[in-house]
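Here come two complexes built around subunit A, the first alongside subunit B, the second alongside subunit C.
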Partner chain A sequence: MTVNSQIRTPLLQIADLVTRFGKFRALDGVSVEVGESQAIGLVGPNGSGKTTLVNTVCGLYPSASGSIHFAGTNLTGKRADIIAKAGINRTFQISKPFASLTVRENVEVAAHHARHPRDVDEVLEQTDLASHSRASASNLTAAQQKRLDLARALVMSPRLLFIDELAAGLTPNELQDVAAMLRNLVNDGVSLVVVEHLMGFLEQVVDGVYVLTAGQVIFRGPLRDALADDRVQEVFLGRNDSARS
Partner chain B sequence: MSLSARRRPAVDEETKRPRWRGVVSPGMAVAIPVLVFLVAVHVYSNELLLVDMAIYIALAQGINIIYGFTGYLPFGYFGFFGVGAYVAGYGIVHLGLSGPLAALLGGLGGVVVGAVMLPLFRLKGAYFALTTLAVGEALYAIVSNPSLTSVTNGPYGLNLAAVYSSGWSFGMAVGLAAISILAVVLIKNSRYGMTLRAIRDDPYSASMAGINVARDRFYAWLIAAAIAGVGGAIYGWAISVFYPQDVFDVTVSVFAIVFALFGGIGTIWGPTLGAAVLYAVYNVVGVSNPQYFQLIYGLVIVLLVLFAPRGLAGIARYLHEHRPFVRSST
Partner chain C sequence: MLFEFAVIGGILLGIYYALFAMGLNVVFGAQRIINLAHGDIVVLGGYAAWELYETAHVSPIIAAVVVLPFAIALGFLVHRYLTPRLTRSSDPETLSLILFFGLSQVIEAAASLIFGPNEHSLPTSALPVSSLHLFGESYPGIWWVAVLVSIPMLAVFLWLLYRTPFGLRVRAVMSSASEAATAGIESRLVSGLFFGIGFGLAAAAGTMGIFIFGGIAPTDGVALTITAFAIIVFGSLGNPVGTVIAALIFGVVTQLAQVYAPSWSNLVPYALVILTMLLRPQGLLGRRQRVA
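Now for the complex of A and B:
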């Protein structure tokens, strides 16, 4: 099963996206398609542009060229709140809670502005934050803050979620729980784009991967094939190893 | 240990907030200052000083709304004040409006200027603060320009003595202070207040939470602008003769900011207490050498921003949480 074969009408269609920082092209013509209820992984070495892709699609950075279509609407260049209301949401590699609000208020404020808000308590339950709901968001651990990012996104009933390194720093048991939670989301009809370095974790969650390097997609397909691919290995293992082929 | 077990801890374990915060009801934050003013006017003869103090409470609360809830510090806040004074003055002199109506018109003037300044919100921190300062100075230059004498009376100022009414202007000033405090109370306890705090904590996260950041920030800005516009109008009305430099005066911004910071931004009581205390101090010690006070208050801004960003309210909370002895409840 390739990434392609699953897609009939892609929910998200990113075409030839270019994002520049000065002259540097952090995204250099990236095309990605994500179908309904599909989970794809986004992998690549440090600095390859994974977070930049999330940031561009989610309205933090403007794109220099290319287009972003979601559920039949052109979201290219739209404001982040419009993108969020259209049904795209995200978590952050370095979480960004509202530090002066409580955990519950963090989720409530998103619910207030959502087009189709979910029940706040249910989302807190789902992300295992219910017992901290009255704590200040700034007093949470890093892992809890990442779950709070997720809760804030989930309460808005997104159709597509970008997950930027949720697994980093978790224990094996916690990893299992998070993987199961993400899989449940997909079963509930949410599409996922999961940025992750941990291949074992990705294997449990995603249907296929895109491999990014230097702002370009060099591979799309099942994770197993990616790991066996020469170019992908070269990118991940570095120049020294490429001599062996 | 049944006694101590029955005593509720002074600090909520989860939120780390002292419980007494819930005890002083928000209504008191409006009622107490109003009562104090109504009593003070009978025992203290300098009514104009009380008018000024009430206006400064309003301005400090205006700063509280725009800086405390959005993080944008407008050094040019006096621009709204001056425009309010002039628009109201124009209404009185040329349209024959009564003082209270003119004051509302002054507030509208502040709102219009605030709306025109919308693009400045693209600027960050210090750039925003300084650019608003430039706008305030530009407004002064326009209003005081001799070639506009037929409209603004240029450098010669306005004379509103014809509609002077000490009772009314005092009442309006106290009313404005009350409304400004009420605005802060309502914002702080509303969804809108939660939205503003989310924006201040992290604007991009806020937008991913579906918040129209620019629009919601802008509303806070307009509320603050309206307060300053009405404040300037009442001030001009109360002193009845004023020149451009009296109302387009950066001291108005500096004072309002110092008062708000000193009392504690983001709190309901802070700016009220800050304005009352520091404006009283200024009048006891400072009126004879105001230039020193500008310097001192400038330093106070820097020190507060650096070392006590939550002002008196923050210091009070700190002392409460770190107090060496806990009084027994018996």
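Now for the complex of A and C:
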């Protein structure tokens, strides 16, 4: 079974996407599909193009070619704010909260621009930030800043949410809580694309994975199949046929 | 009595300097670049006041308001058409210095062609008061007029920045334009408007500057930029409240220097920059990481 075969209704369709930095093709013909209420993982070694893919879909990097369709609308080349309002939201690998704003203001400013904003207090409760709502965002711990990133995305009522390494630095208990929260989002109808290195965490959250290396998708399918795939093992472990035999 | 005169005069001028330097800080906040043409925009404001008074006897107080929308539009256009290439380059800070130095030279050359190389000034009769007394000392009328113009403009600016949804967006963009965009904020439009407001404040300050600086000439821009730069560095780059506090201190120190050591007073801006860099590089209200 593949990731694609699980898709009931395609929500996000990325086709042959190419992103260049000068002559370097950071994404080299990437195609990804995400269905309604589906969670997929983006896996790959550092520099494989995972965050570049997120940044390109979210409008922060221009694509050189290829297309991005979301809910039947062509979003290729659209501005980041238009894409956010269309229902694609994200967290950042290195969270950069609006440092001069309070925690509450950080969430409010995103709510102002959402087509269907959620209640700010409810989102602060959900992300366990309610008790810090009046604090300056710059005074939060790194883990709290990541939750603030998530709160800012959630308040916009996303249909598709990119989660970029949210689990990094969390304790095992916190990982369990975050995984449960993400699964609840999927159950509520939100589609997820989770960029993550922690396979145990991914296993609890996603329905399938895409494995990227050197800007290309080399595998799509269930996570356990990915872990048994020769090409994936070679990418992650540097293993080759002669070594295995 | 000299001391009291210097301190009160310094506070009056400091309030004006806050308006004068705020525009430079606003442009820095909007785009993270130093507008080396800031002083030239102040000069343009001065010429606008001169032209309005000479041709239509428009009060410099009214001129301060009249120039605002034009200067905001000019700043918005500069932001829209000159800065996008900077943000796409690998070294936007260095290129912005070159770009805005070039803009400064263009404005200076244009002012020379239109108004001539000589200094322009306006008579104090253009002001509603020639002087006012406080605690037995007489202070030039322009100092009071400048305060009368500067306080409402600064108050409206700070209200806009800290008490309105637009200000919330501006502060978000100042923190991180890319994250602001992914929160649905049209970062380029917001930073363009804020950039324009920076030009507007500079031009409004210029309508008073033609009196405070004893006249204006096309070549005054560079020195005015340095003075504004010293104030915003002292107060913390990107921190509007820091600019107000720094301007007040700068005003008082400059006046004390002019009263007790007039030949040294021109060194105050330069000494301020050097001392700030040596003792507190992040400025008065700055943290290790610069914030809006």
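Here is the rule we go by: the second predicted complex is superposed on the first by the 238 of 245 C-alpha atoms of A that agree within 3 Å, B and C clash if a C-alpha of one lies under 4 Å from a C-alpha of the other, contacts with A are read in each partner's own complex, and residues count from 1 in each chain.
Going forward, contacts are C-beta pairs under 8 Å (C-beta built on N, C-alpha and C of every residue); 3 or more make two chains touch, one makes a residue touch a chain.
Here the structure is a predicted model, which means the values were calculated and not measured.
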item	value
Fit-or-clash call for subunit B and subunit C when the two complexes are aligned on subunit A	clash
Partner chain in contact with A:A135 - subunit B first, subunit C second, else both or neither	first
First (subunit B), second (subunit C), both or neither touched by A:T102	first
Which of subunit B and subunit C A:H113 touches, first, second, both or neither	both
Residues of subunit A at both interfaces, subunit B in one complex, subunit C in the other	58-60, 79-81, 83-85, 89-90, 92, 96-101, 105-106, 108-110, 112-114, 152, 156
Subunit C - residues contacting subunit A, complex	165, 168-169, 171-172, 174-176, 178-188, 287, 289, 291-292
Subunit A residues within the subunit B interface of the complex	58-60, 79-81, 83-85, 89-90, 92, 96-102, 105-106, 108-110, 112-115, 132, 134-136, 139, 152-153, 156
Subunit A - residues contacting subunit C, complex	58-60, 79-81, 83-85, 89-90, 92, 96-101, 105-106, 108-110, 112-114, 138, 152, 156
Subunit B to subunit A touching residues, read off their complex	12, 14-16, 191, 194-195, 197-198, 200-202, 204-213
